[in-house]
Amino acid sequence: MQPNGENLLSATRIDKVFPGARALDKVDFHLRRGEVHALLGENGAGKSTLVKCLTGAYRRDGGTILLDGVEVDPRDTFNAQKLGIGTVYQEVNLLPNLSVAENLFLGRQPRRFGLVDVGAMNRQARALLDDYELDLDVTRALDSYSVAIQQVVAIARAVDLSGKVLILDEPTASLDAHEVEMLFRIVRRLKARGLGIVFITHFLEQVYEISDRITVLRNGQLVGTRETATLERRDLISMMIGRELAAEIRSAREGQVVAGPVRYRFENYGRKGHIAPFDLDIRAGEVVGIAGLLGSGRTETAEILFGAHRADSGMAEVDGRAVQLSSPRRAIAHRFGFCPEDRKTAGIVGDLSVRENIVLALQARRGWTRPLSRTEQNRIADHYIRALDIRTADREKPIRLLSGGNQQKAILARWLATEPEFLILDEPTRGIDVGAHAEIVRLIEGLREKGMSLMVISSEIEELVAYSTRIVVLRDRQHVAALEGNRITADQIIEAIASANERGAA
Amino acid sequence: TFGSASAADLVVGFSQIGSESGWRAAETTLTKQQAEERGIDLKFADAQQKQENQIKALRSFIAQGVNAILLAPVVATGWDEVLQEAKDAEIPVILLDRTVDASDDLYMTAVTSDLVHEGNVAGKWLADTVAGKPCNIVELQGTTGSSPAIDRKKGFEQALSGHDNLKIVRSQTGDFTRTKGKEVMESFLKAEDGGKNICALYAHNDDMAVGAIQAIKEAGLKPGTDILVVSIDAVPDIFQAMAAGEANATVELTPNMAGPAFDALAAFQKDGTKPPKWIQTESKLYTQADDPMKIYEAKKGLGY
Amino acid sequence: MKPKYLPLTATIVIFVLSYALCVMQYPNILSTRVVGNLLTDNAFLGIAAVGMTFVILSGGIDLSIGSVIAFTGVFLAVVLENTGIHPLAAFALALMIATLFGALMGAIIHYLEMPAFIVTLAGMFLARGMAFVLSIDSIAIKHPFYGTLKGFYYKLPGGGRISLIGGLMLLVFAIGILIAHRTRFGTDVYALGGGTATAKLMGVPVGRTTILIYALSGLLAGLSGIVFSLYTSAGYSLAAVGVELDAITAVVIGGTLLTGGSGFVAGTFIGILIQGLIQTYITFDGSLSSWWTKILIGLLLFVFILMQKGIVYASRSKQRHA
Amino acid sequence: MTAILRGYALRLLPQLIALAVILLMVSLVFPGFFRLEIQNGRLYGSLIDILNRGAPVVLLAIGMTVVIATKGIDLSVGAVAASSITSGHSLAMTLVITLGTGLLCGLWNGVLVAILDIQPIIATLVLMVAGRGIAQLVTEGAILTFNDPGLIFLGSGSFAWLPLPVIIWLVFGILVALIVRKTALGMLIEAIGVNRQASTLSGVLTPVLLIAAYMLSGLCAAIAGIIAAADIKGADANNAGLWLELDAILAVVIGGTSLLGGRFSIAASVLGAIIIQSINTGILLSGFPPEFNLIIKAAIIVFILVLQSPPVRNAFTFVALLRAGRKPTEGQAR
């Protein structure tokens, strides 16, 4: 640790008020030269808002910002970029319709005779991505690449833009361990170069691995800033949630698995180009964890089971009877539920209220002729807002105004409200804070104990180990292994994923 | 005969304005009929009210090498260049139903009625009918900016000048349509004390008059008696109204412009007879005295 | 081939094929006269459609261009009739007004967060209304300079000619292509089409770009109005009704997505040619009733959309299999 | 209940104010504007004219609202209104054929949008271009005059002192609003409009609802077509519904429904349509020369839209919230 103590970026008494919510309340934040500064807090604490105020994406309502001791007032993100602040925002990625190179150099394309020099731009883009061990066709549209690759490109852009400050808002949420490692290497290098780096995440290990100092926000207020080395994890968590966390998050699985009868059977189930045909049995009271690298076909597996994509081979049985799962509706009729991983495009219905988002699936299943009364809707919504601790001013707030993690919880509530018998969760804990994280893990356990069948996709292997009764490992869009009983350990899973694995980075 | 035999090889292009009204549909039908009778191969192009489409069509006709072109121009200006091209290609052009603002050696002849004259006939009839009594007139104009709207207004006003007893109290556009004619008439009636102030209605076409007649009836007045109705075109429906005593007079605009045009063309093909520069069709005035029902029956089948 | 070029390629292939079909039936369609006419007759539409392409690429729409064309024409006619101003000065003035008008619409769209559809719809009423107020008559433009301008053309063998305005359209397309693909502004336009919120966070000056896009569309509509006034030697407030729809159709046929973010200026050129070809064919045939023209154009639009859907779908599934 | 009513009034407040201001302005240039009297067994006066003349746009706006709520747009309504043309059949037959045509057109649009996944603006552009052509093909471009008393009654009859077209749109509008709001349809449609993918994944029958929305719009267009035809006792394929789609879209936007889909209000759209008609009628009554029609209309509409725009609106709501001094709690009130 060698931060030279000098403040690179100083924000004092930052205020931000949204209609109906005070997101930031006189928050101070100081970033030193050559440090990695973790910004932590629960969902909705105001982390993303603070970042956006710093980069001019939001107009702050009060407070001053000093960069290198000089007062600055970035009017917009372009302005911030010019000042040397590069940012990866939460949720928002890049422009899917532009090429990789254009995304990297948007607004600063190399020019010759006043015209964009496309050749030079593509060359520079390739050189830039070399650092990230990505060998892409940079002239292709960004949306022909996976979410993970897009995220890396976003990071590469931000890093390249950050002359002085690099801000990363949950950059690792959709990265695997290998990619996180790579990112950290780059962060350390930038740090050595004297940049200040702001790092937001809900993964505490990563915080301890990379950060020098930690600033914690709670309910829009500053709780405090500490040296990472001297802050106990336990203390950090109570700083974040304002109380002691009842139990350590990753308790080992207690008790023996109650193996009910096989309820769902898929045979030779698959879809060309999406996922190779696989066999899968799921019992009542079972949690099937799906492990695999990014792009290994986990989401595709979930989507095909739920009928979001039609299977083109094999057959499905529910309780011994053959069924057609050709659409989500059909699947829902058989009491399936599915929390998609991409909550912005496939999950939330942004302009509708939290209440409507929660009752949506239930109402859809009842059909339009049997509306839930307003009283009933309020009851359901209030119940889950309390049960899942969804932080919202009131249930009529449009869901898009909630913080990322709270949106995720509302979607979970949407499915729980339908009382499903088979629930598929794709990355349910992504972007969720420690407290809520533990709650969701507990919830999964509880649902299983009630006899529900679950399938959970997660990139956090520890977490999978915690609640899965069986683990299916995917590689290259194939189901390659299944682990059961005491074979469910992190090491075994990693070995199954890694064996004979070389990930073909496009 | 000899004339029609040579006409059999004739290819004639016809650039029609569009199909915006019953009258125009009738003109199209009659033109096609006339061509068929004479064994002329008619190339028909509908411009959908757009001059640019008409210019395009004319250019295509020229490129195709037709023997003659009929043009019903949507607007008077802007034809010099393309007419010059036709002239260079030695293709005679005959204007139908409206004229253009171009030097008259660019086309062979124009078969039109005189739009100003039509308005004039209507105005004269009204002046004669009220015979010196004071009379407030409301006017339903055609589509704002279209040449019939401008000219029929002009002609009508000319006929009125010198008759101080006749006064146009309100004038609005009814877009040549029945719906707007009715809507605008309704507001005229409201604005002029329930129609008690209005003695006559002048509509730039019959369709608007037909709509307005309904509005007058719904206001509890008798069209044709309480409010005189005079309009232009002589489409079948106005004769029905006249038979019922609800309309008083209409000025005919014949849809058969092609007949005289083809005749002139045949004469020119046969021995090079140059027709006069303007073949004016008759602007005949019909009133309730002209056995409207009979005319209605005669006109019914013409595709109005 | 990259999937993004597929719709454009398909459009070109279809154009060539249908041209060949037309020529088989009416050999005259191959004549330089028809080719020259295709350029001259569609010059004003093409120029306006370039502006429309930028607007649509950015995810917007501009319904006002037909009215702006009419307004420019009337404005020129009135100015040239009533004052001694040289046409070139009048052109500059008209272009300035049209550009400002577009910029104003862009500013309203951006700052008041109103949908482009509505803002430009109001703009369409307003521009046409201003034309009416200037003059409801069609006014002939008799200035000798117009004659001079019309005298410039390049004679092709076989009687056809590339007129000044036809050449101008080609030039506008060339510049349009350059702007779209070789300037930062061009990329910013595509970026807006990809998502305004994201573009904003990535540092695209959204406000400035939006205003510039509509100003460009206004400028080109103004230029198109000048071309139209050259074409007809007149100004008329009822002129160019519905040109915006023709332009949109050309843009769509050219393979640009109405949702924005994907497409080519060059595609629009092909779209213009295809529309022109259809019209030429219908005139050559000369037996189709007026209403059939509308039905046919509607049908063709439908077929084109279906085809593009098909191509995109096929290329997606191929990509997956690969 | 009163809280809900108050919420409703608050939602419609901008439209109501705009309407009041316009009516006042008209009455300034035309003093007899508010006069109503009974004639021929029905109310008679300029206000009634507005309601009566507004019928086609109101009807189109009702369907358009639902379509726009699904993030769609229906450009074909004018052409569909024009194609609702039949003659020489009995009244019942005419109605069946006409309404059937409207539904069929809606089905076509809906299938293009929902199944073939074509952008609504283009999908409906096809019918907008071709539809009028088909209508003209049927009528051969002529105005078909009819004398069926039943049909004429639809256009100019009256009931309970109101012209029948007014009754028709009132009843139809209330019916649609009830169906949409008393069932879950409204919410499901809004969900589709905001995020179609998420709605489908939540089990909403997206394609069916989308098609239904376009069919409703087609039905509205057909009814509007019937009224327009009955009004002039003739079917005019050339001019019926010309540019009406734009007025309908404007009405919806003036009513405050976003073109991006989502939240909608039928009542507000109806008010929007009435506002547009008031402007039209006002211009006619004012006696200005017709060349000023467009510019007056455009200026007023721009003014209303600017007042409606999110930034200006937000400023208003902010003030309103300050006044109310507390958060809405109607939920608990019950």
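First chain written, first letter: the chains are A, B, C and D, and each begins at residue 1.
The working rule: contacts are C-beta pairs under 8 Å (C-beta built on N, C-alpha and C of every residue); 3 or more make two chains touch, one makes a residue touch a chain.
Since the structure is predicted, the reported quantities are computational estimates derived from the model, not experimental observations.
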Farthest chain from chain D, going by mean C-alpha coordinates, please.
A
Note: chain B sits from chain A at a C-alpha centroid distance in Å of 71
Using the average of all C-alpha atoms in each chain as its centre, how far is it in Å between chain B and chain C?
34
Return the distance between the CA-based centres of chain A and chain C, expressed in whole Å.
44
Would you please write down the residue numbers of chain D that are in contact with two or more other chains?
136, 141, 291, 293
By residue number and range, which residues of chain C touch two or more other chains?
132, 136, 289-291, 293-294
Chain B: which residues touch two or more other chains?
19, 28, 144-145
Check the chains against each other and report every pair that touches.
A-C, A-D, B-C, B-D, C-D
Which stretch or stretches of chain B touch chain D in the complex?
19-22, 24-26, 28, 141, 144-145, 170-173, 175-179, 182-184, 186-188, 190-191, 193, 207, 210-211, 214, 218-220, 237, 240, 303-304
Spell out the part of chain C that touches chain D in their complex, as residue ranges.
61, 108, 111-115, 117-119, 121-122, 125-126, 128-130, 132-133, 136, 245, 248-249, 252, 257-259, 289-295, 297-299, 301-302, 305-306, 309
Contact residues on chain D for chain C in the complex?
73, 116-119, 121-123, 125-137, 141, 246, 249-250, 253, 258-260, 291-299, 301-302, 305-306, 309-312
In their shared complex, chain B is touched by residues of chain D numbered 30, 32, 39-40, 44-46, 49, 53, 136, 140-143, 145, 156, 228, 231-234, 236, 238-240, 280-281, 284-285, 287, 289-291, 293
Interface residues, chain A side, partner chain C - complex
57, 76-78, 80-81, 87, 89, 92-98, 102-103, 106-107, 109, 111, 114-116, 118, 139-141, 144, 157, 272-274
